[in-house]
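Have a look at these structures, which come just after this line.
Two complexes are shown next, each including chain A; its partner changes from chain B in the first to chain C in the second.
Up next is the complex of A and B:
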C-alpha cells in the first residue's frame, strides 16, 4: 500500500478538481438565443416564417457541432403581435431563462417595445425588419436586417421618383395615397419629399384608415385628378384592395405602385396574378440572376419543403432569407470573437462586412445597413394565378439599384379591361 | 375638392354596396346583442371562421364560397344553439352573465382565432369565383361584382330573417323575448329555447358574412378583431332590436364613408361615420328605429 504525503493528496485533489472543471466546460449547456415572436395576431405571417428560418439555421448549426463547441437552443415566446407583451417576454428571457443572446421579434413595434429592456441589460440586439426603430434610442449595440439604410423613409420611394423623372416626356403630376399607420405614413412622407425633389406636382395626397374595405371610392377620387403617377404606401389587405379597385375603376397612369407591403407574399401574388403586370413596387429580394447569392437557393429549397406544413408563405423570398442571414451574422460574430460577450460582439458587428445568403452586409449609422439596398421591381409577364411562376426569373424584374438591375422600366400601366 | 355628378353617383353606389356588406356583418350582432341581450364579442371570430370555411371549400373542394357558407350555416346554427345552452347554464341562469359572460365570449374569440391559426396557418387566404374581378358598367357607373354579390346576399339574409321573424310562430316568439322574456313565460313560452334558436341564427349569419368578407378581401385569422367597433356601432345606430334599423344604419354608414372618402379624403370617413352616430344618438338615444 502506498502512503500518500500531504503534498500528494493536495496535488491529486487539485488534479481531480481541474478534471471536473474541464469536463464541465466540455459539457457546457447550449447557447441560448432568446426572442419574442409574433406567432398569432396580425404580424404572425411574418413571425412564423422568420421562426422557421431560425429553426432551419439552428438545425444546420447543431448538425455541424454547434458554435464554440456548444449546441444552440432557440428560446422563444409568442408576443401575439402585441407590443404590451414584449417587455415582459424580454425580462423573462434575460433574468429567468438566462439566455446568452437576444434578438428581436418581427417588425417595428415589437422591436421598439423590447429596446428599453435590452438596452438596460446592455445586450447586443439584432433586429428583423424594424423601420427606423433605433432613430430615437441610438443604441450602439443595435443592428437591423432590413436593408433600408440610414434614410429609410426616403429610400422606399427614391428609386420610384428617380426612374419616373427619366421618362420622356417627364411626368408632371403624382397622386400619393397611404394607410393611416406607421409604414404608410412614413412611406408617403418620403414620397412627398422625393416628388418635390423631382419637381413633380402632387395632385392628390390622402391617407385612409386601417380596415378600409372599399377602395373604389379612393381610386375614383384619384382618377378624377388624372395623375401621371400613382404612389401607394399600403399594408397587405389594402394592397390587394387598391390593385383590384384600380382595375375595376380603370385607372390609367404611367407608373403605379410604390411602397406596397404584401405584394412580396405568395398569397397576394397568387391572388392578384395578371393584375400585377407593370406594377412597380419595393422589394428586398427577387429571384433574378443578379441576386443569386451563394447559399440562397439551398436555403429557399429547404424552407419551401417545410413552409406548407408550417402554414407560412410558400415562396419565402421576403423575410426568410433575411432571418437566416441574421443568424449567419450572429454565428460568424460569435466564432470570430470566440465569446458571447455583448461588448465584443457589438464591436465586431460594427466593424465587419458579413457575407450572407442575401449578399454582403455592412452596418452603419444607428445599426442600419451602411448602404441601402431596397429594390424597386416591376412585375412582368404574369399569366394566370399559378404561384410557381414567381419562383422564376423575369417575373419580378429589378429596376434599381443599378448593381442588381435585371431589366428596364416599362410604361404605361394599363388596367385589365373586363 | 373635385366635385362631379359622375363622382357623386359612383360614391352613392359604392356606399350602398358597402352598406350591403355591413348589413350581413351586423345582423347577427343585432340579434344577439340587441334582441337577446347577449354581449357576443366573439361574433367577428365566427365571421372569420366563416371566411375560412369558404376558403377551404373553395380551394380544396371547388365549391362556390357563398354556397359553401350557406350550407355551413346549418351546422353553425346547431353549434350556436349549443353555445347558448352552455352560456345559459353557466352564466345567465345564475344571473352572472354580465361580466363572466363577457369574459366567456372573449375566451371563445381567442379559442376560435388560435384554432384557425393552427388549422390554416397565418398566411393571407383568398377565394376564386367567376364574380371576383369583373365589373358591370352602366353608363358612368362601375359596379364590381365582388361588391354586388355581398350586397345581394347580405340583403337576402337580413330579408329572410325579417320574414322569419314576422311570419312564423318562433319568429314572433323571438321578437317577444327581445321585448319581455317574463311576459313570454307567462303566456306559456320558453324564453330559453327561443333565445337558443335566435342565437343559433345569429351564428349562422356570421358564417355567411365570412364568405362575403373573403370575396371582398384576403383574410387572416386575426382580422376579425377589426370589425368589432363598426358592427356594434351599426347595431346601436339602428336601434339595437330593429332589423330594418340595421339595414338603414348600414346604408348610412356605407354611404357616409363613401362620400367622405371621395370628396374629403378617406381618413375622415370613420370620423364622419361615427360623428353621425353620435348626432343620431343625441337626437334619438334609442337609435333610429329604437323604441
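Up next is the complex of A and C:
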C-alpha cells in the first residue's frame, strides 16, 4: 500500500472533480431521442413508415450540423404491436439508455401504455396518431400529432353531415354501420349525434364483429332500408370488404362513406381502384394544390424514393408527413428554448404556433390540435388499379374544411354496373 | 432404511415438517437475494423486466399442474389469465381495493371458472378437451369485447400511485407481488407432485381407464387440478393491469401468453415442478433480451425454433434430457 499524503489526496480528488465537471459541461455526445415502435405485428405497416420519416429527419438534421451543435441519434425498440412490452421499453429508454427526449410509437394503444412511465419521469411526450390517449390523464406535457382536435369523436363525421344537409332536396334518412371495436364505436357514436343535430332520421344502426369477412348480408340489410346516406365506421379489412359488397349488391345512396380507416393506405387504394369513385371519406392529408405546404413535396419525394426498399407504404401521405412534422416541432422547440429541459420545452410547445410540412399547428386542450383539421375527401376519376395516379391532384378532392377545399361534392354515389 | 423404521413418530413428524420448511426457506432466500440484486441496477426497468420473466415462471408452473401432471392440455390459458385481469379491473372500478385483496378474489373467480369448465369438459378426452378450452377463451373474449363497463374493445386505464410505502417504487412493489405469486405457484406445484394427488394424476396421464379400475377417483382429481391451475392463472392475471396500466382485450387475451405458457413447460420438461421453471426462466429471459437488443419479431420465432429443437432432440424437455443422460452414464 502506498501512503497518500493529505496533499496527494486533495490533488487526486480535485483532478477527479475536474474530470467529472468537464464531462458534464462538454456534452458533445448526441441528443438521444427514444421510442418504442411497432415494427412487427398488426401495426407494423404504420410503424415502419413512421420510423422511415424519423430517420429521414435525423439524417437531414445531422447533415445541417445537428441541434444545439449536437448530432441527433434515434434509439428505438420494436414493441411488436404488443402494449405489454411498452412500459419496460420506456423505462429502459429513460433509465438505462438515458435518452434526452421520448416520443410515442405509432397508434393509440402503445401510446396509452407508455403514458404512466413517461408521466412519472416528467418527460415531454409527443405522440403520433393516438386517439384521445390523454383524456383521462390530462398530462400537461403531452402533445398529439393527429389533427382530430379536442372533440375527435364528432369531428370524424361533422363535415359529412354538414355537407349532406346542404344537398337539395335534403336527405331524410341515414344508415349507420361500424365495426364493434374502438374506432368503429367512437365514429358511429359521433355520427349518431351529428345525424340527430342535422335532423336526419336513422333507419339502420348496427355494428358487426371486428373479424367479419362477408359483408354481403350486412349491405343487403342496409339496402332494404333504402337510406339516403350511408355512414361507415370501419377498419382497413372491413373498409375494403364493405366497398366490395356495396358494388356487388348494387347499393346506391346519395352519399356513401364517412369514417373509413384504410382507404388512406396505398395497398387498399390499389386494390379497390375504380370502386373508390365518388366514395366520401375522412383523410388527414391529400395531394391537392390547396395543401401544398412548404417542404411537403421534397419530403414526399425523398420518402417515396426509399419506401419500396424499406418495405413500407409507397404513397406515404397518411402517417409519414405527420411523423416528419412532429420532429420539426421538436427541433424548432429545442432550438427556441436552447435546452432539453422538459418543463421549458412543454411550455414552449403549448404557447407556440409551429409551421410544418403539414401546415400550421397550434396545440390546445389536452395537447390535441387547437383547431381540428380532419379532411373530408371524395375520390374522383380513378381509372384502373395503378397506384401512381393517387400521387396526382384531383383524385382525392377536398370538400371540407373550407380553407383547403379543392372541389364540390358530387352525388349520388353509383355502384359499378356489371 | 433401518433408521427410518426405528424412528419415533415424533421424529418422523419433524422430518415431514422439515421437508416443508426447507423449500420455503430456499424460496424466501432466492427471493430476497434477487430483490437485492435487482436493487443494484437502480432502475425500474430491471424490475419490470424481471416481472415479465416471473410472470411466465408462474404461468408455466400453473399450466403444468393440469397439462404436465394430468396430461390435459389447456389451450385456454389466456382466458383464465384474462379472468384475473378483468376481475382486477372490475374491482379497481368499483371497490378500489388494494391489489393484495384483489389477487385472492381473482383467484377465486378463475378457480370457480376452472371448476365449472372441468365439470363440463373433463369427460372429453385428449384433443376434444383442448378444443373446448380454446372455445372457452373465445367466448370470454367476446363477452369482454361487448362489456363496456370494463372498457369493451376500447380498453381501460388503470392509474396506480408512483410509490408504495415499504417498497419504494411501484415497479419494485409489483416485482415483489409477482415474485410471491411465482414462489407460491412453485410450492403448490411441488406439493401436488409429491403427494398422493400427484401420483393419482400421473396414473391418469399414463392410462385413465386403468387408473380408474385401480380405484383412482379420476373425475375428482381432475376437477381439483383444473380448479387449482385455473385459480393460479387468474391470480397471476390480477396484477397485470397495474403493470401495463392500459388493458384492452388484445393484451389480456394475448397469443403470447397462451403460446408461452404451453411452450415453456414443454421446453423445460413437464414431468416435474422444476421443468416449467427452467423453461420459463430460459425463454422469458431470452425474449426480454431479444426485445431490447435485436428488436424484431424474433420473440415468437425463438419460441418456435426452440420448440422444434426440443421436440426433435429432447422430447421430454431439458429435465428429461438431463435424466436420460444420467441414466445412460449408469
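Everything that follows uses one rule, which is that the second predicted complex is superposed on the first by the 391 of 418 C-alpha atoms of A that agree within 3 Å, B and C clash if a C-alpha of one lies under 4 Å from a C-alpha of the other, contacts with A are read in each partner's own complex, and residues count from 1 in each chain.
Keep in mind that, in the parts below, contacts are C-beta pairs under 8 Å (C-beta built on N, C-alpha and C of every residue); 3 or more make two chains touch, one makes a residue touch a chain.
Keep in mind it's a predicted model, so treat the numbers as computed, not measured.
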Touching partner for A:216 - first (chain B), second (chain C), both, neither: first
Which of chain B and chain C A:112 touches, first, second, both or neither: second
Chain B versus chain C as contact partner of A:41, first or second or both or neither: both
Which superposed partner A:336 touches (first chain B, second chain C, both, neither): neither
Chain B versus chain C as contact partner of A:180, first or second or both or neither: both
Contacts of A:262 with chain B and chain C, given as first, second, both or neither: first
Which of chain B and chain C A:271 touches, first, second, both or neither: first
Touching partner for A:85 - first (chain B), second (chain C), both, neither: second
First, second, both or neither for A:167, with chain B first and chain C second: neither
Chain A residues contacted in one complex by chain B, in the other by chain C: 39-41, 180, 209-210
Complex contacts: residues of chain A adjacent to chain B: 39-42, 44-45, 47-48, 81, 177, 180, 206-214, 216-218, 220-221, 224-225, 236-237, 240-241, 244-245, 247-250, 262, 265-268, 270-271, 310-313, 385, 418
Complex contacts: residues of chain C adjacent to chain A: 42-45, 48-49, 52, 142, 145-146, 152-155, 157, 159-160, 162, 171, 243-246, 248, 250-251, 254, 256, 288, 291-292, 295-297, 299
Residue ranges of chain A in contact with chain C within the complex: 39-41, 76-78, 80, 82-89, 91-92, 95-96, 109, 112-113, 115-117, 120, 136-137, 180-182, 185-186, 209-210
Interfacial residue positions of chain B with respect to chain A in the complex: 2, 4, 7, 10-11, 14-15, 17-18, 21, 113-114, 117, 120-126, 128, 133-135, 142, 144, 146-147, 216-223, 226-227, 230, 254, 257-258, 261-263, 265-267, 269-270
